[in-house]
């Protein structure tokens, strides 16, 4: 199968709707890494190893030396935003990275100016940018396709991926117009309000056979219409909602508790953050979208229906508080009420002083590079093996998502091994001891 | 292969050196469970499920319904201790379980009176019990074998396992007398001081072909002499040091950080506890044994030699403080200094208000039941698949131990599947999507 | 002045509107203390000392040996509630105290059955009790006065105090009918909805010359009409909102930061609790009343108008979350963003695992005993010296309340010294060193 | 009395033994403040207000506008150190302040070069500087006096204070040679090893009538010989051990718990820090000195002999851990086991992410300016009113120190009021309500 993955020749364009804190941190970081000023910590595609073969073989190559990924030097960035600030100005306002670092890549960042955004204020009331496209939904979708093609040509890109780093849209549910691509395209023509801005970007990308990554909890590529389009155009999709901060921690800890059959009676999670994301989520309608995404995690991991004595009464509450003094320095506090042997109670408190965009940027990078890899490997539609990076992983209809980060990692790594013709790893390892018998 | 596992007929005797907080919590708990008064939370053998086959098959049997384990109603307890208190009195002094619960199984607990212990005060200065055997090391080993046989006969047990729940002995290293069973038996005859009390128990058990579990960080069954004896008598061994509390948390969190290629600059761990274990560890020589066991964990998980930019400078410090106000309610506090994208620093603080013996008791139970299973499955020597429960898992010479609790779990589960002839699980799962292609 | 305080002869009746968690914990505790089963920890009137004279005099009597307080053996309890449970049943439902303790005073608690409450559901939507009075506001007030007099007679009480331990009512503001006792009494006759249930209790008490304590943040005795009535009938009043848990901690920590001129940029406070109080506060209208009470604290202590560089930009946010797994075991988590020398930032995190009613009960007791003392000392109207116990201390019009718990304590202690004719303490103490000069 | 305080004319020299993290942070900060680049947050002498008169008078002047303090523009710094680095280089190595800030005052800092230190390695084994004086103790003391006089002349200083900011010396106790100035001077001549380096600095200062502040827990000016010398030369002294970080927090929280008569069963305090101070304290002999200073605090505040039911069983443990990843960013974690009404237990956890030198620098500044004020006010010997700033406040023989930071603040403020002829404040405030009576 190894021969089936096409090499990563030429340039890869990463086009980003939403040039805010996450996107500017990603772009500035890649530029700084390319200049040798810093390291892409947190990105498996850049820093991660993968074990191959038996433990005794000692084969731990870097992932980037194992699978053919686009090189960071071949990446070109562009994007859209409702605010007209170039990436340097936007990064300065986001206050994630230090001015010293930003100034060292100032020219590169200033050169990236957002294209006008497809926007509908009813989907994000707390935003009020003016760098937006005019016209119906159909016209905006056409304009986005034109934007992509112009960018690809001007920047001489071999391949493109589209990576949503924009805000969380308000909560709404699937309706009939989302059920097939045929009806969806008709609704586009009708300028139907139930098509969100993020769907326009996804539609434009998929129509052109360009992979799409959904970094927010928005309802976008999970509608049947766009899954169908992805299959038609043989395009990989990955979503949704970058898994960072508290949810990352939750999908690390919860599998550990479940592994040991420790009961959980309550899990209270609160967050304080003061960036634009926090401001948008201060609106209850937008918070609803995020809350649904955050709440689903524990249910999958604990499977209360299989383990009612342990997890049947779990009370799970998630809060996000807008707290300007912290800026992008998101902080989470979790109280977990567990019980063990004979029902005796214990508590775990986790206080994570994190940085929202610092955690999100490498996740965004990995997803972009991996969907590009998937495209070259001939994989299309939902890429469940990328669940590792996502709060609400998209799966085949009828298949429950896997939230346990360690099963997700196993899935990701075994997919890469499978792609390259290496043996899958099961951690059985009884053979080490059969050898031992003979030695003694 | 399924047919090769012998059924768990008749009674299983669990003989425990060290009838302190952990052992009495285990025994009282099993009696309470057998009376229907409580639940064995935290024990995978009793509460845990295992997935079999594909996700869409929805097969999640209880482990105890999948592999032939001894039933809790068939378990009989006995043991040795330097203090002569029966198990009821010892449990009351340990103050782990509430008097109400203990009184409901008082008769059963009072009936278990410790046999005289093989002891040498130079291995645990802070203990001063008088319920001890006289004689040379050789004589004590003979007496222990006699104790085991008498117990088995009197209680009409089909099978026995020996489960060390005693204190941590002082730190010392392997020497020449530990290198082969022949030299070891000569040293026994010579009453050589380098043979620790715990080695006497292990020797007695293994000589009789009885599985041995080491719940403390002591140097015992990890010496070549006893590994050799285990192979000779075709006996499974599992060690060492029950993984509970802070180290449990560490082997949950560290794999999560490593999974995401997040760097770690420092990890400071402190503990406060006020039980007898805390008192013994207040002696620096005994703490040394525990410290070595606790420190090794991170190095294996992070593999700094493979990831020098991420983990090359990790400063790891572990402290244990004797703090009487907390009794058995051990509490840990960890500060973890991590760094992400471009080296930006973040911090994680974990405060675990746990209960030492409540976490240890189900681990002890699972290990006892699983080594008994291993014996019936014809497995002997080091049981690496039980690493899941241990702070310092024993491995074949030259093989680095696996500390990542999720890989350990995968190993345990795939071993059970393998034992029963089920497919191993790899979490690849690409086939779900190949079906999907056809459906669309 | 000493001679002017009348002795505490005879019985003191404490009548409590709201026989919920706090009241039942108070009553059960006093009964247990009177039987010698437990200690009234947390009550200054019972456990506290007071320094008299110079440090070198070593005079530290118990407060109860210094001022003439009612003896606990002379206290008789009664009350009103919308639920008809007797105090034993209510205490069992509240799950604050252990059944063992409650059973030891079962007879005493069962004997206390709530009188029908004056209630209006629009002031507490989440309550639905049926043990309520019929009639207009005027009729209910008359009935309450009758209840008090009947109780006093039946129980042979020398004196009575009324102590509000009921729920937090919805937020509303003073209006014209609250401005004088004359208009207020007219509004009573008119059954005016702007008179809250708690005002009926306060009116009934004050009309009879009975001291009234307001343990909730309700607008009650702080309206001009009732202050006027208190002066007319020469009755002491104390309010409002028992200071426990997070606000207690806040009024301890904030003065410490202010003492050192450390700046504060943000203070985020969150709470999780699962008792009936938590349920009532889950309604935003009731939370508003509590929020106003909790938010005012920092502003007074930091005085941003005097210290704009240090406290001018302080962002203060308070959250309360209903979290059933914790029951009455309220838990608070505070994040405080401070800055020091040259503006460098630091953080303080406080996690208080408290018990709501355990903290409130001794506060309620002290207030009841102290307003009774005040009455006998001839003090009437607002008792600012009791600010020590209150989240929103009532003060003379135009006088800013003092929230610093240490100034409040000094005020309380110097008031007691003043009452008994002792020297006030200033902590100057230069004289110790003038003596020293002579000695050398 | 106001007229008796001499004005602060001319320059004030602050001479500092130990130009490490604290001293360089202080000096750089004062220079930055004088240039208008930053603010002296945390210094009461610069930022603090003081209330004068009744609350209704609204008189809250800045302390520096109320008492005649030296102006920061008139302060000149100098000092001694065992390392020869100038203050700029030392500050860069200390890594407390950002390079940008240090560079803005580089010229001023480079101009301050340490004089050779009086040193004896047996008092601080982990230090190995070479910028040290030769000769006997007597000769070193003479040399220090010469250093001071030369500095005063060259810098044209009107007045001098000496401020110890050096390391913690090893623990030792008073002996006969410390009992009177006559014996002490003979021991100096004999080069007696029991005279520590810090005593040489104190002796030199006091002999010249120069105030001395002891910022470390060393045994220095608390020996009778030096107290006697201070009285002879009419010189104020203040010590010992700057109160910052965890002990600051402890003397804020403990008075709050005591105020409410809440019991305390245990208090566990741990610290992690990675600066030179942490390195020195990694030696058990030096830690002993610090431990004694830190442990005494709670006993004074809780007075267990007066309150045995509340504090008689308090278990107090303090740990300091050298943890290089944190550098000067000291972090403390406290677990406090308290109990309330009827003995029910609760817990408080405080996690203080502080910065050691940022907290210490303004304390050092205030002490220097206040001892200079004391000298001009004609006060001499022990200045107990400066206890506010100190972990182990020095008091008159036989007088227990006051550790409650709020009583210390009251003492400090009332001393200033007394010095300037203002009324002392008692917080009685009954008069506000007597006026009220008349108004109604």
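Every chain is named by a letter (A, B, C and D) in the order it is written, and numbering of its residues begins at 1.
Everything below uses one rule, namely that a residue touches a chain if its C-beta (ideal position, glycine included) is under 8 Å from a C-beta of that chain, and two chains touch if they have at least 3 such contacts.
Here's who's who by UniProt: A, B, C, D = Inositol-3-phosphate synthase.
Source: prediction; values computed, not measured.
Common neighbours of subunit A (Inositol-3-phosphate synthase) and subunit D (Inositol-3-phosphate synthase), listed by label, are B, C. Set against one another, A-C and A-B show the most C-beta pairs in contact at A-B. With each centre defined as the average position of its C-alpha atoms, the distance from subunit A (Inositol-3-phosphate synthase) to subunit B (Inositol-3-phosphate synthase) rounds to 39 Å. Averaged C-alpha coordinates put the centre of subunit A (Inositol-3-phosphate synthase) at 51 Å from the centre of subunit C (Inositol-3-phosphate synthase). Residue positions of subunit D (Inositol-3-phosphate synthase) touching 2 or more other chains: 347, 349, 351, 353. The touching residues of subunit B (Inositol-3-phosphate synthase), when paired with subunit D (Inositol-3-phosphate synthase) in their complex, are 265-266, 268, 270, 272, 315, 317, 319, 321, 323-326, 331, 333, 335, 337, 347, 349, 351, 353. Against subunit D (Inositol-3-phosphate synthase), the residues of subunit C (Inositol-3-phosphate synthase) that register as touching in their complex are 25, 29, 32-33, 38-44, 46-49, 55-56, 60, 97, 101, 228, 231, 248-249, 252-253, 255-256, 259-263, 303, 306-307, 309-310, 339-344, 346-355, 357-359, 361-362, 381-382, 384-385, 388, 395-400, 402, 405-407, 409-411, 414-415, 418, 424-430, 432-433, 435-437, 440.
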